[in-house]
């Protein structure tokens, strides 16, 4: 025993030889330090993990929150009957064919005092509003032909570059030739802003628009719907299949070579790079089964196979953690094996199953590579009405926007990521609630 | 199927998108085509997979179809393929907007990136570590160039129009050819073998001088911003959309632009194609219309949205020929 | 050391276990022949044979680790659930070999109930613990029926008063003895024909023990009961016949009186007089 | 009736059968439920299964075979010049026929007559009903389309009849079997177990599918490149088939890629396992339940961020940061390096370790902890020596899953580790992985039937074998250290 | 129903528990004051106070669910591990309040060992189970030392002979009684100052029980022992003082002789004569 002063009055060394050993203060201090250190490690680990999360989210949100706002310009547009409907027949087809862009441009020239005879000036002014303005005006006319001949104040979308400039993504201080926005345009923008004819508002188009080659009109509708279909398919297939497979392997399968092979095989599937699943999907679902390319059904099936190993592994792990005495208790009152599993083991392993499912889903919702092989990395304009129609998915949209050249897509990329993270957060909160309901200690 | 399906090059993808979008607006009864991006090779592979409703109708490509690919096509029953060349893609060199200005000659690139260069009439391992050593007019930056990875069609153009040209200009090619001949390479193969050797890129210093980029130009841009003293290779369209971040270098004294490229003054560019499956015309609604719409003056003309985006338009004569080809659906003759 | 042995002679007076009426044709509920059990390579039970009459209590006694639980678990094929365990020989319940090829072990277990050595309540409410068996066997026609069964079983197991106001509390939140009684209630709730009890009273205080013994006595009227116990007095009190096990062998089996007062085997005698080991 | 309507009807029938079985079983022995082997619910299930299952199986098979059969039938009536064409061309023609057939079904009889009269009119009519076709349909096409509709109609009738017959027959067969002795539970449970088994066979079939979908192309690749050179080569330089030069073959040495894959995965695990495991331990053993309830799902979000976002994070933030740190301490850390990729990937896979381990640790019975505390062990000792060993198999499973994810990851590596295949020990240099090469060879502008693209399949196959080996080893380890509690 | 009560008079002769020598200044090892325990809202123990002398055995008796285990678990702060449990009042071990603010429960538990009601061996080998405590407390200088401690502890718990040839077998593969003895061996391997035993013999056969009782007797020479038991004879045999609990209250605490022969409280009397409930 060391001679160091004893640090606890508990250690009254009354019961000398044998009993005093716990008062080895050096050892005790070491153990206590060990304990503190261990807890600290845990805290540090959590702190690290959370700070990664915060940093990642921070950068994404910093880059992306502006995507939820959009610059528009208010123009007094004269719906000139001579321009729109020269014959005066109000024929829908004729109305659709009219040159609405011109109406907007003319309103703009008036607003800014542009000299219509200078081609350069005209072009510079035209570049302020979105090329999509014609669809907007056409839709207005189509829904209410009575506005023909009147002048309406219309908020039209500013072009991507103007939007980026208004959000400070293009540096005003740069020399003109290095900017997408000329000095002339800047002065116009300043003028519009000063007069209140240029404002930022919430960008509903981000959710309702489909793919577009211009950042200001590009939206996530197709991707959201595609991801929704995919997730629906993945949840409906991978959870029952995965849980069933795990139950079979853990509770019913005889322990032998074959189950070993299956076990290894499932673990192995989890390591197969996701693009290989894409190859599989291409070979099996598209070439063999004849399902259409680019369809979210195929995407869902491929990601189901991709998610399955995760669900199976997590489920098996939590099934093994259920103590055998619970199974015995059930069998002892005359429950069959199937009953004991479904009545007792499964409910007890639900938290683990939920975790596995969530991790699998979270992984599936962020997957791009396999979708590349089955044609979902695509430009899709039409909103899919069923899982058999061409669609994209959120991560794919993020991937495609990330590789776009235009400045406006940079914030769109981050904005779409925020949307994805929002969905993840919702899924996680759901899982949290479920897990809480089923968690038990015994 | 009531919708055209397209796949292929990611370089052509942005152009195809713009056309697809406008196509739908211009044709009320027809749906917008679905355009996939996955690389020319992947696109052509699907394209040559056969005819049928479940196969794609058009393949975009940033290079010409290869002989082997055409053979596969024929073998799979895709006999008649219409080749449509719709414009050029300029390839530019750029550094960070606040960085130094570069005025390249092809030989500068060769001297910077080749594994062996000519010094005093002899081939030696490339000793150049900084751009200043390559060319005294350049700043003292370490040689760090982000060049397209080997999977990119751009790489081929870079090698052919820059490295091999530089190789020839510095006289390295001759030395290499001599060396090959001495090593016993057959006479008729020496030329191509030497050209191939010229296209090699140095790998010394852990490969930090020439860094392959497999991703897109956004990746190159990100890397450039992470390391401001470096040079990247971009497409003209990408550069034009990012002039506030990039400073373009001249090649042979010519600044790259739509005009200089279409006039042929700027040397580094490549044609862009798409291929139409003739068997699907008349079966898939909108296919022929799409192809015609694509090559119309409204799209690929000098004032069209593609040029606005950065496409180098075809010279008028070529454009006219292409329109003819599309109209008559003239199939591509077997390549030699 | 305190002497805690029971003098053989003393048994007669203090332990009033009624012997089986002789002369009657005995109706055996369980018959085991040549039962050997292996855990992997290790043999835990060696060729044991026994006949257990209906409407009576059979006690298994013997030193710890001698194979009592193992043998008991053979009667409802509970050993099937241990991967390494292998059972040889045959066990007839009501004349039918429960290890026969076309036998459904589930049905065996429904007929042969079991209370385990370590209390193992389900991590559910107390009510659900007891109601589980009747539910899966469809013993209750209505909710009222079910409640009645649960209450009755809890009462018989002597637990009802303690838990009556928290039937929807967790079964695992009970004290050790309460858990054991809960398990007993759970077992009798399905009224099996045979009840196997592996030291049902080891966690119980004398009063609770008395209640359980009373219950056993009552159940004996209709059922066949096999009980493992370390408490010799208990064996003497509740059982009609007793079997003594040692190192995996059935050493001696006879009426309880015989075993306690007149053991034939030296080992039995040594054990019950505490002169063992 | 359409397939979905039929299936719906069968499900309805199954429900009815269930109810009938249920009531019938209740009547079997109303007083003594024990006299009946199985609960009424199982009898109901038995009846329902017999009613619906055979019919559904037959229907599914029928529907799988039907299109081919119909196609063959209609095809045989197509004009000869179409039939002479390739299979694809016939397919295209059939496509048109199918579209026209759909169109015809949407027309009124009067319109049908009009359509038959004039192809142009037909095209216009179809378009007005939402069926777009490329060329005006001629009479032959319309005739074929009508035939197609007829056969479809017939087939649908037959299908309905067969399904109805099977359902009724199955019901009667099963109903007559209902008796107290019927082992309905065992039967139903057998079906359940079969279904479970089928579910676990999906995994096997996936593997088979994967092997098959990469095997042929791999074999094709090995016709060009010797398998030995591939496996033992130390240089990866598959030359781009340069301008007009088809024979541009390079060196396909696997080792640098394999090394890169393993190296990056190891770095990722070195980041993720300590952080994930310690976080899991802290969450399940120390933290307040509320903290756990928020931290756990928050960490899980890390797994869902698209990898391209991670990739750009690596390029823009982590790479330069490491480079800066390196230069401060006198090391040259390239912006794209093993470290960058490994660290970022490690961050991504943290939740795989943390969440799964947390669940498994929480599932360890408290009695074990109490046993240890009772001996005067500190909480950390208890965790390290009792809880973790007991949880080991599950934790290994979690780590394996994380490792798997790391090995299979692509996007992060492309951006953060580069695409240069180096065989280096220096973590500050850039390497590349098998997956990167698979993706880049598959998605590039390369010619598709050259070794340069075929190698992607060989790589996929090799990776498959590689991870298989790792998993076998892991299984062996788990078996060895497995601890069974209770 | 068989009468199994012990006549108060009979105790004197058959149970030779030596009472504490009187007149000496008593040296209390444990002193509890006003201890109340709550599980969530429910109060399980009501303001209990007790003094436990050193070098003696204190027995807790009482009906199931009366709070014996709960109280016992207060002595080494084991209740800390149950989230819902709250302890009020103070418990002094060797004069120091173990619920004081600066007390390390770990150290408390090292000094106050515990054997649990349900055997809970670690899922490790038998050797590792016993070696665990000495290892973490650094009690063995060498491998030989450690082996000696393990063997000795197993011997004292009466398990060594049964398991000597499979020390590296799983602790969980033992029979119920063997597991319990393993847990006892594990607890004494660290030779704590106080040993708390929650029904240590409930799973044991008489011989094993005798061994454990012998062990308790032996340990009493140096340690303070608190034992919960349902077996009145056992309480009488091994303890010097006995405390009777009922419904969460400490009803009576006195020398074992007094409690069994001359209980002051009606409830105590009823309980030990089996007339309870």
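In this document, chain identifiers A, B, C, D and E correspond to the written order of the chains, with residue numbering beginning at 1 in each.
Convention: a contact is a pair of C-beta atoms (placed from the backbone, for glycine too) under 8 Å apart; a residue touches a chain by one contact, two chains touch by 3 or more.
By chain, UniProt protein names: A = Phosphate transport system permease protein PstA; C, E = Phosphate ABC transporter ATP-binding protein; D = Phosphate transport system permease protein.
Everything numeric in this text was worked out from a predicted model, so none of it was measured.
**Q** Of the other chains, whose C-alpha centre is the longest way from the centre of subunit C?
**A** Most remote chain from subunit C, centroid-wise, comes out as B.
**Q** Hey, which chain is the most central one here, using CA centres?
**A** Centroid comparison flags D as closest.
**Q** If you count the contact pairs for each chain pair, which pair has the most?
**A** A-D
**Q** Determine the centre-to-centre distance between subunit A and subunit C, using the mean Cα coordinates as centres, and give it in whole Å.
**A** So the centre of subunit A lies 59 Å away from the centre of subunit C.
**Q** With chain centres defined as C-alpha means, what is the inter-centre distance between subunit A and subunit D in Å?
**A** A distance of 19 Å separates the two centres.
**Q** In whole angstrom, what separates the CA-based centres of subunit C and subunit D?
**A** 50
**Q** At least two other chains touched by the same residue of subunit E: list those residues.
**A** 106-108, 110-111, 118, 136-137, 192
**Q** What positions in subunit A touch 2 or more of the other chains?
**A** 22, 31-32, 35, 324-325, 336-337, 372-373, 402, 442
**Q** What residues in subunit D touch two or more of the other chains?
**A** 185-186, 312, 365-366, 376, 378-379, 381, 442-443, 484-486
**Q** Which two-chain combinations touch?
**A** A-B, A-C, A-D, A-E, B-D, C-D, C-E, D-E
**Q** Taking the complex as given, what residues does subunit E use to touch subunit A?
**A** 54, 93-96, 98, 103-104, 106-108, 110-111, 136-139, 191-193, 222
**Q** Show me the residue ranges of subunit D that touch subunit A in the complex, using the header's touch definition.
**A** 185-186, 189, 192-193, 195-197, 199-200, 202-204, 206-207, 209-210, 212-214, 274-279, 281-283, 286-287, 293, 295-310, 312-313, 317, 347, 350-352, 354-356, 358-360, 362-366, 376, 378-381, 383-384, 391, 393-394, 397-398, 400-401, 403-405, 407-411, 434-435, 438-439, 442-443, 457, 460, 463-464, 467-468, 470-472, 474-475, 484-486
**Q** Can you list the subunit A residues touching subunit D in their complex?
**A** My answer: residues 22, 31-32, 34-35, 38-39, 41-46, 48-50, 52-53, 55-56, 59-60, 240-242, 244-249, 252-253, 260, 262-277, 279-280, 282-284, 305, 308-310, 312-314, 316-318, 320-325, 336-338, 349, 351-352, 355-356, 358-359, 362-363, 365-366, 368-369, 372-373, 394-395, 398-399, 402, 417, 420-421, 424-425, 428-429, 431-432, 436, 439, 441-442.
**Q** For subunit D, which residues are in contact with subunit C within the complex?
**A** Touch residues, subunit D against subunit C: 33-34, 37, 39-40, 183, 185-186.
**Q** Flag every residue of subunit B that touches subunit A in the complex, lowest number first.
**A** Touch list, subunit B to subunit A: 1, 3, 5, 7, 10, 13-14, 16-18, 20-21, 24-25, 28, 31-32, 34-38, 54, 56, 97, 215-219, 235, 237-238, 241-244, 247, 305, 309-310.
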